[in-house]
């Protein structure tokens, strides 16, 4: 589920963001504590090895190696690479959110433009709405692991009421080697066209508004699918991951406290705990975790989109709007500012 | 309230921006003076401790620690992280402003396309307009703490005239576990459809233009809601905050003036007041404050959007436009350039 | 007036941009010469003070201070902060240009869709067009100091022929505590609706196209207004200004040529004129001037938008197009490629 | 074919991205192993030359040269140049993906708005759909080497059923020195207009929706063509390539391990294998490879778009939707939530 | 003419970009060789002066000056400034390309919606199309030096068949102190409206689609004009140019090889040819050349848009589409996948 904290930062107050540092859910600590333990353990192991097990000349070699690693650790452009990469990932993530398909626009139109409070009218409206929800469900099954777990087969889709048995038969009978998520939209278009012929939809203007809106919905669906299908090129992700991992590998050796008696420059203090290196670990690994979390926002991370919730909400709300609420208007009254 | 200063910088003049440095409201000083006092106090305390209370060998250790901290303080990529993060926050903030729902487009259409100067016509136009304002009010209650304080319950919404008692009853009777801010739009669509049947709206072209505009309005509303619901991932905010705080923590120790007699490189001057460190505090903490202020622009900061003002303005203006001004045209006259 | 130089750089030639360095109008020199003189004078004063008035020990202290300032001057992330900030300002500036309201789209539609070459038809077309120009004038009065100077009161607006006396009376009679720039659009919508009833506009399709276009125009207007109303947060501008000013303050002391006999590192040359520091002043102060110039493009800078010219052009051209040119078609002839 | 790995990174887990480091297809290793071998070989050759073949004074000269190269290698702004360039390339690549022409929107409209289940109706729908597919095929032949290989001549296009012989004759007869990919769209428009006259398309509203959608499709096609025609300016690509190649050239000499006995600063360790330089090679060359892969996404790289698959899918699916599925609706049934 | 090289980089191959380094047309070499010769000559002159003509003490002074210049050369933030500036220029350049006006969308609509294969029908369609082409020609004359050279006066426009003599007379008779490129669009709107009255355009839906498309075309035209009229502020371009020129000026002195016997740090090697400085010249000057080339893409550079070709293509193609191809449909046949 999404971690919402905007109400906590509504006002810029005294050290406003510090409260955010104490959250656990969706936090850097929760995401990173395992990696942090591994890193700290390795660092400690190397430190212990250096301090207690190496002979004098081995120590000298290690010290040179450490200085060498430290020098190059600073040259790795982690900040820069991460800055550009995370910006890219965040933009994609937000675009995916903005393109989540919501049926609200369609349900307003169907509720007001498909006439008839009789059973047949209700049937048309509910069926149109169901087709819309069915399409997004089929798309979500492709892109979201959480939704796929909930609807592993078409039987589950039928069982959940998104599709009737008869529809499924026709759906299965269509011969195509390709994905068939567009099928319910063809049905939608044809059903709307039929309703127009039968006078349930008044004229072409109403019909085309509906079809136009459906096409918008389809574009959202296919864009979501596109984001899943064509991700950030693997090479880019690998380059960034390599840079960060290399940096930490270099730090493991290069940021050891060396024997202060040897007089190496910048090594006249032995704190045992490399506080700034650990903090750097948090910055850089945390920044990379931002990317890891957002690169596929349809997983089950704390910050991922709640697709299963969306599916339920959309079906419930849209059937309510087109059926029960159709032409069920509150009595009009004069408002309190009348005259 | 928003701090508008554009008229002050209309022309690029001699040291044009310096005037801005002297403003208080919405300024960096007002936002930061508390943090600044804390920082300066801590710095002074450490300075006093070092100068008067530490023994010789403790001083030597502190000096080494200070140099160590200073070295790493410079390595923390605060500028870079802040640059990318603030750019992200500013973009989101501006998009939220651009998507504030204004009913003006709808009120022009309703005023010119819903016919009838009699009471029933007025009632339809006012009711349609009220539904529009009601929806944005429901959204603002979710995203803005200021609006929520003003309308803590639905009773307040009814009391302020955005909803009639009867509407509220129907609204409450709708069974849905989800947010119901979309309900007035279903009413809007159905009422418009009814008006079309009764001839108050001339034809489907007029009707669809209205519904289309309503759907635009809905998109603004839901986008605002989306920005509130799915914020910048908590991890990102934590990474940036950690980086800035760590930097200042390192500065507290690393930027102390050390005993000039010890001959440490770059430490042959004791100014007592670390003027550049304090200025850096202003840059970086100020930059972070930009983010804190903008990350939720619906709070009560000096620079936040005036949502309560918007709500009042929108209701007042839109009722005026669709009721009193409907078909109340000024007499047409020849303008002064005629022939 | 905008400084157009694109024709000078149409082709990439030998040292192509050097010609631009010699322009005066809108140039960095014109914008910066005053600040430059102040900076150079202060630098000289400090230099003279150091060379001729300080005693030996004061000189030693000044030298240490200078080295201290120089060290921190380099740490101030001016480039980075300016880079992000100027990018933001430039984007906003361009968006404001793109959203300048031009009535051309509306005048084509009014000219071709509002029928009748008689006086009444002309009156309708001219009045519609005038309302459009009136709205943008009202907006420009709010955002542009130049326009406000030209039209300080509504009397001037009436006097310039944008509004008739009768319209002004109705305008003033409207009770609203809020800005009323939207009023002419309500009139526009109602007048168009009236023209539709009277058969001057053929059908709802024509009418809605007009209203739709009017709403686009309104969006441009309100976006302009929004850019003026909600500027870049003051804190951000202050952070950047502080950073640049601090940098130059640090340079004044830190970039002095020190006594070469003292053997300070990097101080074995005394050029008297700090050529590179002066050039840096031009880069950074010039970069900041870019922001100063563009942050409010409706002032009277060399590079600001010529809003008063726009207002005149729009009124003249649009009345011409909807009146004199209405149905005044050139005789159709076969073009020279016919068959 | 596109390398999809988003399902592998659905959740941010313990060292989440490390699994990506082990992939081969589309990976940095597959793309870079040849360059890496060349680089490593050259490095080794120079190393061997320095260690075993140079005389003492030659060694001294080489050492100075190496230090000189190393100093300047660090000054080359590879990171920065690559960051800006790759961002540009990635944006263009994604825009090309988003503008891939999919006929789905058109096929829904044709299926629901072009009437008649008789043979003539089928013929109109199939022909309209074929024209759409033909246009995108003609565009793909221009921009994609893979598609061009499959359809080297117009005969292949006719043979694959995208065009009839008769159409090809008319197509060839059109005298124009310019590309003729727009021709099928003129046919589409005229055929739709004809269908409107014959009553197969009900009215102008339906017709214009179709034509509007067709124009959208054309915009995608022409934008794809534009991206191919006007690439990133050659100079920019050359600048970046030069920077990266120069950097590695400087590294070949500058990153050699020098004789530790000579006491050069930072050269007191001889590891034989320059581990960090090799890793840097992977970062920078990998980053450049991202650009190489994406600069033309219509080639045959692992990560390029599968245009041939698209062509087949689009034809098969769109004919299915407008013919077999036309008005072939599943029987409407009450869904399981009815009442 | 645009330099297209995308087919050369379709696949990411072994040292894929190196082939691009060997191109001449539109290349960095062709653009820079003159500046390079100047730079190298100056460098050599200074080098010769230093080595052979200066006396001992002058040499010492020069050496100090050189070190001083070198130190500050490194501080000039050329990379950063160029990165932000070139990104801005490239975005503007691409937006100009995307907004080039193509009449294809209009010609499809005119071909299918303006009825009548008789001479009058042809005349209307051709005249409408000519107006469209005329407008873009008028715009291109303003923004493109190449087009202006070809059509220096309105006589040339008439002579090339874009305008008839009679139209020109009316055009000239219009009294307006402002540019008149919008005039043909008023004619277009009025002619379309006339055709609607005469039944050549069926109804308002068809008419409004045409007018809407015309307005899109106008927006492209006016946006092009806007990009030409309001360029990147002169100050910004001057700042960047100054930074780059200053950098190279500093390099001329600062990157000289100094007497190795003097033992200056980093000056123990005399290579005579400053290979890395020359390469840096290529990077930075090349990067600036990218901006020079793209800042006005309507010149006659190798990489500029071929506006004259566009004008010819558009006229030829659009007349062909609306006249000869109007309702000239290929006989419909069953495609090869029928059943």
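Going by the order they are written in, the chains are A, B, C, D and E; count residues from 1 in each one.
Basically, a contact is a pair of C-beta atoms (placed from the backbone, for glycine too) under 8 Å apart; a residue touches a chain by one contact, two chains touch by 3 or more.
Treat the numbers as computed from the prediction; the structure is a model and nothing was measured.
Annotation: 38 Å between the Cα-based centres of chain A and chain E. Chain geometry summary: the mean Cα position of chain A and that of chain D are 24 Å apart. Shared interface positions of chain B, i.e. residues touching 2 or more other chains, are given as 31, 80, 83, 87, 203, 205, 289, 293.
With chains as nodes and touching pairs as edges, the resulting graph is a single ring in which every chain has exactly two contacts.
The assembly's chains link up in one ring whose order, counted from chain D toward chain E, is D, E, C, B, A.
The touching residues of chain D, counted against chain E in their complex, run 31, 34-35, 38, 61, 64-65, 67-69, 71-72, 75-77, 80-81, 83-84, 87-88, 123-124, 126-127, 130, 143, 145, 161, 164, 166-167, 169-170, 174-178, 182-183, 185-194, 203-205, 207-208, 211-212, 214-215, 218-219, 222-223, 226, 228-239, 241-243, 245-246, 250, 288-289, 292-293, 295-296, 298-301, 304, 315, 319. For chain E in complex with chain D, the residues that touch the partner chain are 2-7, 9-12, 14-18, 20-21, 23, 26-28, 31, 74, 79-80, 83, 86-87, 90, 97-98, 102, 104-105, 107-109, 111-113, 202-203, 205-206, 209, 213, 266, 268-269, 271, 276, 279-280, 282-283, 286-287, 289-290, 293-294, 303, 305, 313, 316-317, 320-321, 324-338.
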